[in-house]
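Input: structures, listed below.
In the two complexes that follow, subunit A is the common piece, with subunit B as its partner first and subunit C second.
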Partner chain A sequence: MSETNGFEPKIVAYVCNWCTYLGADLAGTSRLEYPSNVRIIRLPCTGRIDANLVVKAFEIGADAVLVSGCHPGDCHYNAGNYHARRRWILFRELMETIGFDMRRLHFSWISAAEGKKFQQVITEITEKTIALGPYNPYGAEPRVEPLSPMPQAAAGACDPAAELELRTAAKRVLESGQANVVIGYGARGPVFITRPDDVDRLVWNANCHQNLATYLKRKEIRALGKAAIVMKGCDERALIILERESQIARPDLHVIGMACNGMGQPKCAACDTRETRFADEKISSAQPPADMPDRYVAVDQILAMEPADRMAFFTAEFDRCLKCYACRQVCPMCYCERCIADKNRPQAIDTSPHRQGNFAWHIARAMHLAGRCVGCDECTRACPAGIDLRLLNLTLARTAEQQFAYRAGMDPALDPLIGTFSLQDKEEFIR
Partner chain B sequence: MSEQISRDNLRTLVAGWLAAGKKVVGPVQVKPGMALFAPLRSADALLLDRWVRPSNSIKEVVFPRHEALYGYRIGKNSVELFDAAVFEEQIVIGAHPCDAASLPILDKLFNWDFQDEIYNQRRAGVTVISVACTESDDECFCTSVGLSPSAERGSDAMLLPRADGGFDVRLLSDKARGLFAEAKLAAGSDGQAAYAGPASKFDPAQVGAFAKDHFEDPFWAEHALACVGCGACAYTCPVCHCFDIVDEGNGREGVRARNWDACQYGMFTLHASGHNPRNNQAARQRQRIYHKFYMYPEKFGEILCTGCGNCARNCPEGLGVLPVVTEVSHG
Partner chain C sequence: MSRIGVFVCWCGENIARTVDIAKVVESVAEIPGVRCAMNYKYMCADPGQAMIREKIASEKLDGVVVASCSPHMHMKTFRRAAAAAGLNPYRLEMANIREHCSWVHADKEEATRKASDIIRLAVAKVGYDHALNPIKVPVTRRAMVIGGGVAGIQAALDVAEAGYEVVLVEREPSIGGKMAGLSETFPTLDCSQCILTPRMVEAGQHPRIKLYTYSEVESVEGFIGNFEVTVRKKARYVDIDKCTGCGECSKVCPLKKNLSEFDYGMGMRPAIYMPFPQAVPARPVIDKTQCAKIIRNGCGLCEKKCAPGAINFKDEDQLVKEKVGAIVVATGYKLYSIGKKQESEKITGYGEYGYGKYKDVIDSLQFERIVSASGPTNGEIKRPSDGKTPEKVVFIACVGSRDNAKGLNYCSKICCMYTAKHTMLYKHKVHHGEASVFYMDIRSGGKNYDEFVRRAIEKDGAKYYRGRVSKITEENGKLIVRGADTLAGVPVTIEADMVVLAAAMRPADGIEELAQKLNVGYDENGFLMESHPKLRPVETNTAGVFVCGACQAPKDIPEAVAQASAAASKVMVTFAANELTREPEIAVINEQTCAACYACVRTCPYHAIEKVELRARNGTLIKYAARVNQGLCMGCGTCVSVCPSKSADIEGFTEEEIYSMVEALA
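Let's turn to the complex of A and B:
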């Protein structure tokens, strides 16, 4: 046994029932000794091991976590481990951005015949964790100095003729009965026009921030009947995902696409969807800016910091979270009847807005939107605590683009990022 | 004649409180375009030089978003219960009159049929030093609800900004006089005429009267369509006070805690049976207006709104109390 200096690390191993658990069993029956620091938790399949279980382990004091299952090709359920592998790739990038100590997070494939490998992996993880010392990701001193300002685009000029054209189009669809309600922008915010005489309440200006697609999930709006909806090119990406996920019947929806020269939001600086691509009718035209910055500069800024500084930064951000869930409510992609954050049997995420509960929420929210978030930044705009949720969304969007050539809501022909997998998904981090 | 303090001397005074280990809460810049009331790390962080309306309220000093009410620890042969220790001396500086006025309004609720000891303990430790407003924005409406940019209700001291950058000081309680005992005050003429504030925007009594006999009215459904039920309005409101009780812990130790909750959430009224008496957003919006302008006045003799405008500023969809009640009172 190695020198522990009295420190006995707690290591949680989430293992699948069919391979790694049997591997651990074999290690035992073969009398292969391995450190007793590991607590094994058996689940049916790595595909069923939610990222929040890993977070939960750290919450209750784990110093390291191992997730382990069947080798590629060996999954008892055919492809659970491939699905898991894809999610781990995304999860690791997210944890990296937040500044978790990645030396504490381990993944392996261990088959039922590999009692020896199980012994080796556990021994190595234990030794490594002893060398690292105890871990408390929730103890960081919040770093309060704000980051340097993110690139911001000036709001572009709005075509005044476009507003008139929009009203005419709205009147036409209402009069013809093509739609019972036009969801659009009004002077203060979203408006829902049901009478042709009211179309003059519709506006088109540089304050049309909202992604109106979020209203398509609301039962109060669905009750109004067939809808026509005003969409910018960026908003439209949400429709593509919603249709792919069977949340809307696209043929029943009339989309009025508005060309947009920018709404002065950070996302507008690198926007390459100035016009809708699949609208039923398009109004006005717009060009992408000539010199577009990289979409992910904000992530680079974060990653330029040391992990401990990133953790301190996100601790300060998450400490402000009120757990109001405004971020979820405005999100067009958050349509679950009952959000995991509102479930208490079991309670995956503490309801309290304390540090651990907030970390758990932010990680869950980001992960549930991996490959689905269309980058509309509504969550960040709505957050009354000014938390930059965008940084987490962009981290995962970048991973999706770099590793899987996937951008949510861009190509309607592509299968969803999560829910599919490729045999080529990278696995250099898995032992 | 009145007493005055220069801005530098005020900062020195605050620095002295901090050096003495006191907790001081005031408006600080969190990021470009956003200020929040938060504990000060240094006197320099206090925003004093210009009018800012923080996105949150000061209610957190008496009613934190999360607080343990009591806890338990299970030993080998024992169960230990312990009370949460809550008394803490807290100084709030830079509150607006619409913030300060929230505390006496909340006092009524937390001391109605049940005297909330935990709230009262916290409250006893709080001193509020307000700064009179010299500006307002489109969402402000203190003057419509019986307050004004220099209203003293709920304040232990009122600082009135002077043209020379300093403040006229009105000390209104012994607590404040104690805190200012060390301050370098000077005698002098009054700084300037007080700012009158925004013009009155609606009549709260009219809103209450409308509410009284329009429970079932299409008005609510029409005006709630844009609401996504995010609760940002309630969480940033100085007087919204709903909470949820949760148990958090494991087989060895844990706490019973009180966390903020809000009427705008579908889960707020969801019964265990699955029945939900407020099963749509219109009913929830109506509840917020009713509670503030009809129910609270019926019970406590005053409305549950200080006109701060935070609900409208923070609403991602352009709602909040003001746009809805102006519709009501303008017919």
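Let's turn to the complex of A and C:
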């Protein structure tokens, strides 16, 4: 056709079986013509359509993707579309930050009675995509954008008495048999104290920034039996999530809460959990900083760039990824026995350290951490390639807080962000 | 290498007109794994199906793609054909090249290209299709009906008559529900008790109906065919097996001035009472909040008087478990509380009508008792305040209904009819009296319904004013009703002796808690949600749980009864075989890789996923995991999306199938 200049866009539509698929059927029965570029993939419900599928569509060269299902209240399965909508809100924010061309990603509710709407939506998406031209998000020229450094908090003074108190507590816990192992900080990284005589190996100083909760998932640690763990207020949030996800039995865990005046990390600048809230015993005390900077200033900095620049920036970042999975290994929330990245039937995420697979991995990882990441920033610190992974986690944490008043691990009573929904979830992006 | 057969249908000219069949066949024949590519004018016709069957046999096909119309149209047809030829039906896929292609594209070249692509996707998918077998779930062929009003009684009797046992659970001391308290019913004016009480007796005496009155559902476990319901039998303080129903206890009870629940406060009853003479079971109950013996170990006269020794002051609530295969919910309605006190903040009352303040402003169910031959006034119309016969009665329709300002925006459906009935019943007993009605619209759709309303107006002379009442005040023993006649455009003031308010219908108390126990949805007004408003009107989204009567929406007796029989018939369908057969396209969880985070458990709209412990043969715990209950899963796949390790998957739409389709587009 002349107006396309020979460009035939590839449009992938993931649709639910009961509304949009039938809407497309009705468009057929009503002989409502629309451009032929769309390829429909039928799924039972929008609840089944996850971020990986959308990313996959762009990987195989889609110029635009449509996700469409039943209107709110009409879901054949009661609530699949509500669950989907919440995930899409988060997913869109993530893609926005990464710099995907959001004009290529479409969401709609099309009922079985809306053959006309199906025709309109497909026609408009096709025309729009033709106007935009071919798309290859993975073809961006990588470019390192200088980001102004994150606000660093000065390391607060550590109470020397606290270290002594900690050792005494650890000794008591081990001697009384309350725990078989104390997980704490040592002079050169984590220590796992099993004998009361060794408690002097425990330290409490300005280098204790790591979140030790990650060791609770390790088989070799679990094999030691009941554990006591040294936790800061920020680390403790991870325990709340892990308990919620049935990964730890909180009554079996003895938590020694250390008050912390900041460890000089970016996360410390806006920290409002300087003391543990649910620890079994608390040592020392701390005050939140007087003036609290915006927690999400790094995201604003990214979003201040043009989408193409953001894409160039993240392409440069992800291009350095070695797929060493240090980020996964160190994350307290990554405890799956078999990671989706290691699942090869089908291969949702390309394992070789190439651009597409790197994008797919980091998007999937961020989505898995939505509403779960407690912002310990271990992934960023562990990354040997220095990828600023924090930006992705912060993006979703920001969305969670701003749109759903949800902060991971803050309120143990709150239902998880993903897996629940509200009828009031915003849907201005869905047509 | 798979052996896939592709069968391209012309659908007469429907597909062939815009899709170049020959070209399509040629291109799909080259797809790796495709053993043969055929085409025929009408694949769904006998010769077409025969061709598929023949090729499955001769080419030993292990997968089939039929490229024709929508799977919603003919998937079953073709899967049956495949099964007949010995191929597992779930290894057949359809490529929709009619609705999604030939009918919506005019350009032959484009349509042909798209058709080839659509078939390519289906071929990619069919290569990963698992052979599936229908899931069999054992069925306990025994039903529970919750609520013993007219709908519940009807449902219970229907199911029992079909030969199945029924457990009927009623919250009140007697079955009968609201209808037992009605006077006469529209549009025939036949006596409510004359119709209902024989049915109550029948239900009470039926050999296959087990009656739990004064009992409530405590908890529900299990799933279709296999529910276990715990019923709380509230302490009645009367052994209903020993009791003969003689009524001596009520006669000797000194505490006779308690407002009768059955008469909606229009009459009195003792502390030990039978709610009404025709109660089923005809056994009394002691109100523990009133009985002097229970409160302060006083009195005890009834115990002394009771010859069979049926009184037991030490009675306690009992929990009993019942195994049933299906549940019918028929919990009915209550009236909107007109006064200030409301059940939720968004609903407000009508302070301006003085209900609760003026004794002679009553609601419609109270009027039913006053006008009922078995009521506290023996059917003589006497107003509550002084027992005088009211000369002028004002009836106000839509009190609460269709009133956004009060928080209820729905129509209660039956008020127009019963208000017309009320005017008639009143006029038939007080011939010189004047009945006036304030209404918004008259909604009298139904067999002989509009004729009935016309009769009230034209024959019995009820005065109908289209308009609302703004305020009711009391002056010198008269109720001053200030309203408007909007048709005449004039204000109307009536000095009435009594006012009857047609209050909105609300679902019965505790409906939301019950719905949560049953995992059934309810709307913003608390009415239970049917699975589909038109095609599945008595099913709910929990398989095996059905609804009927006013708990689903406001409705009148004929409708409630019809719906009850519909629900009963659905129960019978469930019980038709020893095993239920369910579609196998549901979720499966790989327990080996499951990390037991239970995101799926929290997300599943059907509560179909359970936490399980995997144990070695010697009993040591290996790990925790999630497992799909095949009786509950509906196959939406929401669990797959939230599963971080993708240990969950949906048969028929597996990850491998979906990704193979997307990748076929590369």
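Quick notes
Everything below uses one rule, namely that the second predicted complex is superposed on the first by the 428 of 431 C-alpha atoms of A that agree within 3 Å, B and C clash if a C-alpha of one lies under 4 Å from a C-alpha of the other, contacts with A are read in each partner's own complex, and residues count from 1 in each chain.
In this text, a contact is a pair of C-beta atoms (placed from the backbone, for glycine too) under 8 Å apart; a residue touches a chain by one contact, two chains touch by 3 or more.
Here the structure is a predicted model, which is why all the values come from computation and not from measurement.
Taken together in the superposed arrangement on subunit A, subunit B and subunit C fit without clashing. When the shared chain is aligned, no partner comes close enough to touch A:D159: not subunit B, not subunit C.
Shared-chain residue A:G189: touches subunit B; no touch with subunit C. Judged by the touch definition given at the top, the superposed model places A:H368 against subunit C, while subunit B stays out of reach. Between the Cα centres of subunit B and subunit C, as seen from that of subunit A, there is an angle of 150°, stated in steps of 10.
By the touch criterion defined above, A:I221 lies against subunit B but remains apart from subunit C after alignment on the C-alpha atoms of chain A.
With both complexes superposed, C is the one of subunit B and subunit C in contact with more subunit A residues. In the superposition on chain A, A:S246 contacts subunit C only, with no contact to subunit B.
Look at A:I60: by the touch rule set out above, it reaches both subunit B and subunit C. In the superposed model, A:E93 lies in contact with neither subunit B nor subunit C.
In the superposition on chain A, A:R381 makes contact with subunit B only, not with subunit C. After superposing the two complexes on chain A, the shortest C-alpha to C-alpha distance between subunit B and subunit C comes to 7 Å.
Counting contacts as defined above, subunit A residues 60 meet subunit B in one complex and subunit C in the other.
Interface of subunit B with subunit A (complex): residues 29-32, 34, 36, 41, 55-56, 65-66, 221, 224-226, 228-232, 235-236, 244, 246, 248, 250, 257, 259-260, 262, 265, 267, 280-282, 314-319, 323.
Here subunit A touches subunit C in the complex through residues 10, 12, 21-22, 24-29, 31-34, 36, 39-45, 47-50, 53, 56-57, 60-62, 76-80, 83-84, 87, 119, 245-247, 335-340, 343, 345-348, 368, 415-416, 418-420, going by the rule given at the top. Contact residues of subunit A toward subunit B in the complex are 60, 144, 146, 149, 186, 188-192, 210, 214-215, 218-221, 320, 322-326, 329-330, 342, 350-354, 378, 381-382, 384-386, 388. Listing the residues of subunit C that touch subunit A in their complex gives 70-73, 96, 98-101, 103-107, 110-111, 113-114, 117-118, 121, 521, 541, 585, 592-599, 602-603, 605-606, 611, 624, 634-638, 640-642, 644-647, 650, 652-653, 655-656, 658-663, 665-666.
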